[in-house]
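Next come two complexes, and both contain subunit A; in the first it sits with subunit B, in the second with subunit C.
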Partner chain A sequence: MMTKIEQPMAPVTAGIRMTREGETVKKYCLFLSEYAAWLLGAGATCIRLERNVKRMAEAFDHEVVMTIMPRHIHMTVCNRDRSDSYTYITALRTSMISFDINTRLSELSWAVADGRLDFRQAEAEFNRIVKTPQADKRLVLLLASCANASFCRLFGGDLPAMAIVFIATLAGYYLKQVLCEQKVDMRIIFIMCAFVSSVLGATDALFHLGQTPEIAIGTSVLYLVPGIPFLNSFSDMLAGHYICSFSRFMHAMILTGCLSIGLCGGMMMMNIGMF
Partner chain B sequence: MLIEFLQDAFFAAIAAIGFAAISNPPRRAYLYCALIAAAGHSTRFLLMNESLTGMHIVPATSIAALIVGVLAVLFSPLVRTPAETCLFPSLLPMIPGIYAYRTFGGLVMCLYQGHEPGFNHYFYLFASNGLTCLFILLGMVIGATIPIFLLKNISFQATR
Partner chain C sequence: MVTLNIPLFTWCVIAFAMVALIIIRVCYKNYSQIQHQRHLIEFGKESEEIFIPGDRLEGQEVYDDED
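Right, the complex of A and B next:
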């Protein structure tokens, strides 16, 4: 015969069970869901997302279980005696990768876990973090162009090729920034940017400016390669998050396909052979 | 060779800073991204150098990626960022972009060939560059992510 063990229950106010800080399970769940949606959108791996959310839930004296879907988070939070629970599904909050937001959200989870912030302070800090303005776009444009020109050099490109790749990246990446602001579909952005960069990259071959025209045109579009989604997908695969891993991999493959279409279009227009 | 080695490290560092800027990391991470990328790429340069070990690009990239991964995890508590913040931009200079370009080129040229010898030639280029590209990517990703999972205590507590 089973004996039911009575456990101390949290106080009940107006039909809503309150936790030790006077917060409801619903509030914890909504906060943790928002946190997870922003962290995933900022480009965190699934294993980091699980650890950070679990760490905070434990600090709030609650349990959390979640399913990480490619574009949504399905989360259930319950109290320790499992007398109250709340389930919520939330969509990804941002699609721009930001390691700054990723880092600060990770710091926030540790601040909560170490007892330096209570729930309300954590909520306020979270709202501050997600309102962080993006980095200076002109600086990013310049650095990305320098990076791609250096990339060209690493592949054996000569100085004219580097200069052409710098200009091709400057134009293509600027177009990407403008189209992103206009909220144009990412696949169309990739096709257009790859087209513009490859047309400019083909000038090395067209005007015989240097000795490495093939490297100039091949490198001119490499700033568009979705490296972080590829790396995240492998990291998720090693952690056993196969659905998310596959989804990230497919997303990266589709963007790479769009890049290839733009590159092919640019080369056909400039009548440049592949070899 | 010393000049080439230094050039390789320098351009890898610049590339890492630029690619890091795209993913918007905290400012304090830029220097570490540059250092780790320079160490990783110049290691690959040395491993592939004919007068030293003359290693093939696939194992050389895997070893260099492992070094990048270990350095990114060890530096992450100093930078106070997740290990991926320095790891991913530092790896990007090793992405086999030219192999990917040649693979795509081979595929497109296959479609334009009307005769078997031409098709076979471009299919060979497609397959050989594609396989090299694929195995470089696999070696790179596995080599770089293993340290994160082996040194979990460091990599997941860096922001504490």
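Right, the complex of A and C next:
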């Protein structure tokens, strides 16, 4: 005689199927899509995004499928027996690229996967992470200027060239921060900052202060090079996310074009030959 | 005849504009902070001047208190 063994069904409350923790598929989906939007906005690559979200979904005993578009994420979460599913489209959180948020969101996914956090705790931790204040602007300004001066030294610049690059970067980056606060278009910001930095970077050539004026001009705009979009674009291409890869590449190319316009304008005004 | 040195002129304009921007921003921030500071003379509440330990604190909810 055969006996039918019934699978333990998830409880149904008012037409909404609840999971073992009493959370609905909708709640998981909303949380994971919000997580994905923040992670992508913080500058993560598509492969990292996929891995982190799938890791957490598996820990919640759910399956997730998503489409990552350049500015949106289309996510479907369903339970194991696929009796219930929820789809949500979320827009990218337009936050600045932040390695801090990026790292902490990744740590959150591991904490969930290792069972150290349940859904409620993960939600609370996520809310704490996204409210992280930005790094001190004055410190970032100083460090970016020091980094650019160091680049100048690496390319063979002498001491006066390093000092000039430091001041040119300080002025250009400060202008960038001010214009970003005023919500000016990023392309215009790049043109203006590159122009200001290249004009100030030409101080060496104008007043004959050092022996390497060309290095000072060349390295004075390096802080504007969109390195992370270029790297992410390449990573996405290797992972097969061609739409995101192309989008990021085009974004980086446009910013590089704007940088070049500002640099050429500055060099032209300062009567410095390009070739 | 004196010709205009365009590179020097451009450099001066940009350099002075940046210096002016920084000075204006710093002054504006300092002015804003002064605005948020307490005034030397201002009207205060009685509880701010006379406070005896045990008095009810501002914002503290005491039920059935009808004094």
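In this text, the second predicted complex is superposed on the first by the 264 of 275 C-alpha atoms of A that agree within 3 Å, B and C clash if a C-alpha of one lies under 4 Å from a C-alpha of the other, contacts with A are read in each partner's own complex, and residues count from 1 in each chain.
Here is the rule we use: a residue touches a chain if its C-beta (ideal position, glycine included) is under 8 Å from a C-beta of that chain, and two chains touch if they have at least 3 such contacts.
What you see is a predicted model, and the numbers here were worked out from it, not measured in a lab.
Superposition of the two structures on subunit A shows subunit C fitting alongside subunit B with no clash. More residues of subunit A lie in touch with B than with the remaining chain of the pair subunit B and subunit C. In the superposition on chain A, A:166 makes contact with neither subunit B nor subunit C.
Contacts of A:144 after superposition on the shared chain: subunit B is touched, whereas subunit C is not. In the superposition on chain A, A:190 makes contact with neither subunit B nor subunit C.
Shared-chain residue A:107: touches subunit B; no touch with subunit C.
Remark: in the superposition on chain A the angle formed at subunit A by the CA centres of subunit B and subunit C amounts to 110 degrees, rounded in steps of 10. Of the two partner chains placed by superposition, only subunit B is touched by A:222; subunit C is not.
In the superposition on chain A, A:178 makes contact with subunit C only, while subunit B stays out of contact range. In the superposition on chain A, A:60 makes contact with neither subunit B nor subunit C. Superposing the two structures on chain A brings subunit B to within 18 Å of subunit C, judged by their nearest Cα atoms. Within the complex, the subunit A residues that touch subunit C are 171, 174-175, 178, 195-196, 199-200, 202-203, 206, 269-271. Per the touch definition, subunit A reaches subunit B in the complex via residues 43-45, 48, 51, 96-104, 106-107, 109-110, 114, 134-135, 139-140, 143-148, 150-151, 153-155, 215, 217-219, 222-223, 225, 227-228, 230-231, 234-235, 238-239, 260, 263-264, 273-275. In the complex of the two chains, the subunit C residues touching subunit A come out as 6-8, 10-11, 14-15, 18, 21-22, 25.
Touching subunit A in their complex are the following residues of subunit B: 7-8, 11-12, 14-26, 29, 41, 80-82, 84-85, 87-88, 91-93, 95, 97-98, 100-102, 104-106, 108-109, 122, 125, 137, 141-142, 144-145, 148-149, 156-160.
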